[in-house]
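Listed next: structures, encoded as structure tokens.
Across the two complexes that follow, subunit A remains constant while its partner is subunit B and subsequently subunit C.
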Partner chain A sequence: MLKLLLRRFLFLIVTLFAVSVTVFAISELAPGDMATNVLGNTITPDQRASFNAQNGLDQPALTRYRRWMLGSDREAAQLIGAPVDRFYDTENNQTNWWVVGSNETIYRHRSEDGEVILQLERALLPDGKLGPSRIVALGDEIWVTNDEGEEIFWGVNEDGRAAMWIRGLNQSEERLTRAGWISTAGAPSAYIPLQKGLLRGDPGISLITRQPVIDTLVPRLLNTLFLAGIAFVIIMPLALFLGVIAGLYEGRPLDRVLSVGGLVATATPEFASGVFLIVIFAVWLGWFPGAVVIPPGTSIFEQPQMLILPIMTLMLVELGYVLRVTRASMSEVLRTNYIRTAVLKGLPYWQVIWRHALRNALLAPITVIMLHINWLIGGIVVVETLFGFPGLGSYVLASALNNDVFALQAATMILVVIAVVSQLLADLIYVYLNPRIRYT
Partner chain B sequence: MATAEQTAGDQLPSPSATRTSRWQRLEAQLGLFRRSRIALVGLCLVGFWVVVALFADNCLVTPSCYAGIVRGDDITTWATSDEYRSWLSRYSPVEQFRGRTREGPSWDHWLGTDTRGRDIWARLAHGSRLILTLAPLSVMVALLVGGTLGLLAGYYGGMVDEVTMRILDAIIAFPQILLYLVIIASFGASATNVLIAITIAGAPGIARLVRGLTLDIKTRDYVAAAQTQGEHSWYIMVFEILPNARGPIIIDSMLRVGYAVFSIGTLGFLGLGLPPPSPDWGSIVQAGRSSIQAGRPWEALWGSLAIAMVVVGLNLIADGMSEETRRYR
Partner chain C sequence: MKEDTTSRIHPGIEQAQTQLQQGRISRRDFLRVATLLGASLPFASVLAACGGGTTTTAPPPVDPVAPAEPTLGAIKRGGVLRVGIAVQAVDHPARFSWTESANAFRHVFEYLTETDENNITHPLLLESWEASDDLTVWTLNLRQGIKWTNGDELVAEHVRYNFGEWLNPDVGSSILGLWEGFLTIDGVEVVDDYTVRLNLSAPKLDVPENLYHYPAVIMHPSFNGDVKTGTNPSTGPYTLTEYVVDERAKFTRREDYWQLGEDGDPLPYLDAVEFIDLGTDRTSYVAAMQTGAIHTMYEPNVENYLSLRDDPNIVVYSVDTSQARVLRMRVDQEPWSDNRVRTALKMCQDREQILSVAYNNEGLIGHDVHVSPVQPEFAPMDTPAYDPEGAKALLAEAGFPDGLSFNLSVGTGWTDVVSYAETLQQDAQPGGFNITLDTMPNNAYWDIWTETTVGITPWTHRPLAVMLLPLAYIADEAGNPVPWNETRWVDEEFSTLLRQAQGTLDIEARRSIMADLQRIQNERGPVAIAVWQRVWEVFNPAFQGVVAHPTLHNQWLRVWYDPDLDPRA
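For the complex of A and B:
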């Protein structure tokens, strides 16, 4: 048992590694370059070069994969000579990277001419907020001579990236701000985009919103888990119950209705059954809202009536599938010799069903349900898109459509982890429930 | 119940006992639709759209319009040329009727008009061609890839088997929708990319099935006989094993065509299908989605109904088929 567990776990790790390489490689192999995909094809070569350098896209693929998985803050801290960390600024509601200095101060750097480095200092107040900012010009002693004889300085620039200035080299960089592209002088010569890495819960900055992906990802994930959780809790007992009933009455009209109904419900794509439900319940009858609209500042948990139609849509698709698996398993068990023996030795009908048939019949559906999580993820993407539900599914789609590569990679990895772990659980549950496998 | 089925099975002569003519075998296969009412309903649902797809333009009736296709007329030409209009769909899928947007069903426009004033029925009719060619085609490609991998893995076993199956397991572990999203978002939305995505998602399942069947059939005497005779490995795989694994593969493929339609529709709905103005069914539903709340659900409703009909129909046929084989086993 332990050996099996260990082997499964090892396989899980290998799978996840393979998946992470695949996800990375596919976005790597995509035709066209990322800068054009994100910024449109009207950008100038200078703008493209700046974008690539600022986002670390000019680095070799291996370096980028390492930074994506393990983070880049440690290598940056080594170059800067002081630790770097993220701090939340209540003034502009943004989380950003700073150099952590001694005596409770954090720093960032800027230069206007590539000659003088201006240091922006803010105090770390005891309540976790940031104090007022103060700008000092740094003296000559900060410059370090590197192997090529250039005088360099590593710091964290205003965009929160580790950056290297070379003394006397007054470069300009193109930056995209809210006001559009601006060209600034005194630019650094090299950048390291700072992130803690996927394994430490920081998949990087969204190329579209310029905010950490994780800040959007977590609330979205919670919304989705809430939706899927409710759907799961309603569907499973109902589907198992109906499946058992259909299996018991195999071949009779009740079974025909249930299993053909289940087939039709499962086969219909989620967006089609969702449209049918909206047309019937929202447009025609006007019972439930047909879209999820959440006013800013409120959460989805406060408006449960908006979840009714999304849950019903998910239910239709999943219900039929589990029902049919349960039915097949039940009717198979009812044909076995031990059930015949139980009936022939005169046990009451319900006792045969309850004690002997049901236990064996539910074995298959329980594992199938877990394996079906892959399918449920597809359903969730479609249902969230159809109803405008702010969850992980619609986030994945939006990132894919907007070429927001880091967001897409992160959301994909989370969903894959959920899928793979649930499959592992399915294996383990099956082994636990089925003594024939456990003891071999 | 079990005994009743056994007697039914006993009455039927075993297929290998008597040599039947090609015609008799075809009739026996079509007899499925006489015996299984579910399969018949499925056949009607799918058949309806096959007929619609055949007569969506006039090429079957006036073959001169093939010349147009050879000339390279594309979908936009349909708007101007009468040559293409058939009795079944009087308008072209891209012809816009000004001032007649988002209308309900009427005599002029049987199913109404969409947000751009195009005839919904014409769009669905032409869209049926896309989906009814793309879905079987992608399943065939997936069969070719997955079948080959499964045969090789099952027949040779050992390291070949282990490596192939572990890689395919990893692909299966990947939720299909993400595979589609990542592939199509990176490589762009086009018919070819949709086909590639569906092949990659479908091939591992087929490979698993074929491998299982191969492992079983490999142990039969006729395979051993062929091996003793000194036949090539590929000959044994293609001419001894594959024909005997046919039954389950056919049923599986039927289901897979249904999944492929499902997936193509879903991709279209998510905005990853064929680019506009092609009358992709999923895109039609997506385009009509915003007008549902305004009380004009026609575009989304008919699009959903069309795709549901085809998928449900294919599933019903597959269900009837597998019921049949279970009964006579």
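For the complex of A and C:
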């Protein structure tokens, strides 16, 4: 059993690695140049070059993949000679990177001429906030001679990127600040965009909102898990129960009603059944809200009644499917010889069903159900869009529409992790239910 | 009426008054011109009454422009307005390219002027303005005593800071296109703390209107570059308390706003305005309207309007606009560089049918000219006929005897654009055009709107045609098409006439220039415009004092909430 677990776990790691490479490769191969996608097609070649350098897009794919997965802060810290970390600045409502100095100060650097490095220092207050700032001009001793004989200095620039200045090289760069493109002198010659990496929970900064992707992703994921979780808990036992009932009464009126009803519900696409439900329950009867409106200052968890119609919509699609698989499996098991034997040797009917039939009949539906966890998380984008639900599905959709590559990559990875983990769970449950494959 | 407004009447106002007396311009035209030149609206109304009273075509003594005054005591304070609208990723207000963003932040920041639903512009942060007789020097007088939320007083230097941002090409503001060739930052002169003088290099008529261009909110010089942060000092009636992109925003009433309500206390009447983003699908907005989860939604389209107009719990307000879905052809690409091809496609529009199919007959017929009948300078034109036979002949003459196949870029989020494109696809078949619809999400269309060869671009309303045309149909000083010139169409005669129209105050003279401009654009222009859209505001009836604005600009400053009228309460 332990061996099986280990093997499955190893397999999971390999799968995730393969998937991360694939996701990275797909966003690499996506048509169009990232600079154009993000900045529009009116940018100049200089602006494009600066954008690519500042965002590390001019690096080899392998380097970028490594930074995406494992982060770039450690290599930058090594070059700078001091740790770097993120701090939240309440003044401009922004999280950004700074060099962490000794004695509770953090630094950033800039240069106006490539000769003198100016250090912007801010005190770190005990409550974690940033204190007053001051600017100091650094002396000559900071320059380090590298292998090529150039005098260089590594620091963190005003945009929160690790940057390398070469002494005496007064070049200009194009910077996209929040006030537009600015051409500044005293520009660094190399950059490392700072991030902690996906494995350490930091998929980078969104190119569209300029906020950390994780800040938006986590609430969206929680919303979706909440919706999908409730739907799952309601739908699956109900579908299994009704499926077993239908299987037991195969061919009788009850079975006909359940089977045909399930087929009709499943065959109706969710955007159609969703609209029907809205019209009937929200507009005509006025029983439930017809859209998920989450006013500022509240969260979805406080108003679960908003989830009723989305869950009913999901239920209509899912219920019939699982119900029919269970029904077929149940009726097949009931026809087997060992069930006939059990009945013939005089066991009570319900004991036969409960002890002998049910366990075997559930094998097929469990596989289907576990596959549907993934569907529920990622595939409810239609339902999320229909009801205006701020979940992961609509986030993926919006990121794809906005060319927000980092957000899209991160959201996709999360969906894949959920898929792979739920698959592992499915396998384990299957092993538990079916002793025949336990030690193979 | 104040002494300073009566002391000097612009000669243009006197001229317009004479025209009004002679019945040559309408009363509304007169009011527009008079307020444009710096007369306050009440004063202009008096002038209009003085002028009109002596003629046989006397206007009614009742002022038709002033909004119906709410009876004192009817107004209630309090309440929260919940709006279904996109909450967009924005940073610098000067770079806004969506009305939704401007609608959010016009609650917090303010404009120097304000154009109302009748396309008349009033001073807002300004107290008044004066134009020199040749319309090249504009003096803007700031209202005194307006305080930023950080305690500073609004002064002329702050206004100059904003002009610096707008006119800086690096900032990339669409405002720049409005001033291109007229004003550089050197022409913005701070006379004293409350006076800014704009020294233009050419006459310009629409200065006050341009100050209300939707990205032109006045920011404090300490602006941190990100309007979403909510920490920037502001002058407006609300302050930003929350802004979550793609999800929601909240604007809370400021206690010490400078404008007073009917009851003598500071506006606004509402406690807060909440924006709720329900995603890209409009069904959820309509469902939320129908169930009362939101009180109004931004920009209901024709289908939304049809499904909401008979709802007893919803009130609809409507207004005609100069907003259109513009079928535009890039004249720097084959075969659209040939005017015969463009004209042939224009001839293939069955306008009545498009109006009926795509807009359910809600709107006005267009003339392939980016000037709407609701704009004052519009010169009446004949409706171009649907003529597929003529189109076919013209195509053959241009070297396409077997017809022409092309792709039309269409954003599918605009359902009326899709119906328009499909109707055109059928109407143009007999004319020899084989149109393939290249459909994409709206965002994808906005990525390529200036680049695609043929596409349908939504253009919003502008109160005056002389404001819109320079945005899209001219070249900059270096001879390159301005950033929003999506068709690259630059016509020397058109540009010269347009410059002339922009400096012509007299409405009749301007209209006769417009007649030429419209003729040129109709004959050899790069766009087909079949229909001018109507817009609607849909509201929970408990909200009083709502007016539909042609640009759907909403600040809800004077809207109040009467809980007794709320069907959902």
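Quick note on the criterion: the second predicted complex is superposed on the first by the 434 of 440 C-alpha atoms of A that agree within 3 Å, B and C clash if a C-alpha of one lies under 4 Å from a C-alpha of the other, contacts with A are read in each partner's own complex, and residues count from 1 in each chain.
Please note the rule applied: a contact is a pair of C-beta atoms (placed from the backbone, for glycine too) under 8 Å apart; a residue touches a chain by one contact, two chains touch by 3 or more.
Owing to the predicted nature of the structure, the values given are computational and were not obtained by experimental measurement.
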Joint occupancy of subunit A by subunit B and subunit C, clash or fit: clash
Which of subunit B and subunit C A:Arg210 touches, first, second, both or neither: second
Touched partner set for A:Leu397, first subunit B, second subunit C, both or neither: both
Partner chain in contact with A:Ile294 - subunit B first, subunit C second, else both or neither: second
Partner chain in contact with A:Leu386 - subunit B first, subunit C second, else both or neither: both
Contacts of A:Leu29 with subunit B and subunit C, given as first, second, both or neither: first
First, second, both or neither for A:Ala282, with subunit B first and subunit C second: both
First (subunit B), second (subunit C), both or neither touched by A:Val322: neither
Touched partner set for A:Leu408, first subunit B, second subunit C, both or neither: first
78-86, 150-158 or 258-266: stretch of subunit B that collides with subunit C: 78-86
Footprint overlap on subunit A, where subunit B in one structure and subunit C in the other make contact: 275, 278, 282-283, 290-291, 385-386, 397, 401, 403
Subunit B-facing residues of subunit A, complex: 15, 18-19, 22-23, 26-27, 29-31, 250-251, 260, 263-264, 266-273, 275-276, 278-279, 282-283, 290-291, 335, 374-375, 377-378, 381-382, 385-386, 396-397, 400-401, 403, 408, 412, 415-416, 419-420, 423
Subunit C residues touching subunit A - in the complex, by the definition given at the top: 82, 84, 89, 91-92, 95, 165, 168, 170-172, 223-226, 228-231, 241-242, 245-250, 274, 276-281, 283-285, 287-288, 290-291, 293-294, 441, 443-444, 447, 450-451, 483
Of all residues in subunit B, those that touch subunit A in their complex: 1-2, 38, 169-170, 173-178, 181-188, 258, 262, 265-266, 269-272, 282, 285-286, 289, 292-293, 295, 297, 300-301, 303-305, 307-308, 311-312, 314-316, 319
Interface residues, subunit A side, partner subunit C - complex: 37, 40-42, 90-94, 177-183, 208-211, 216, 275, 278, 282-283, 286, 289-297, 384-390, 394-395, 397-398, 401-403
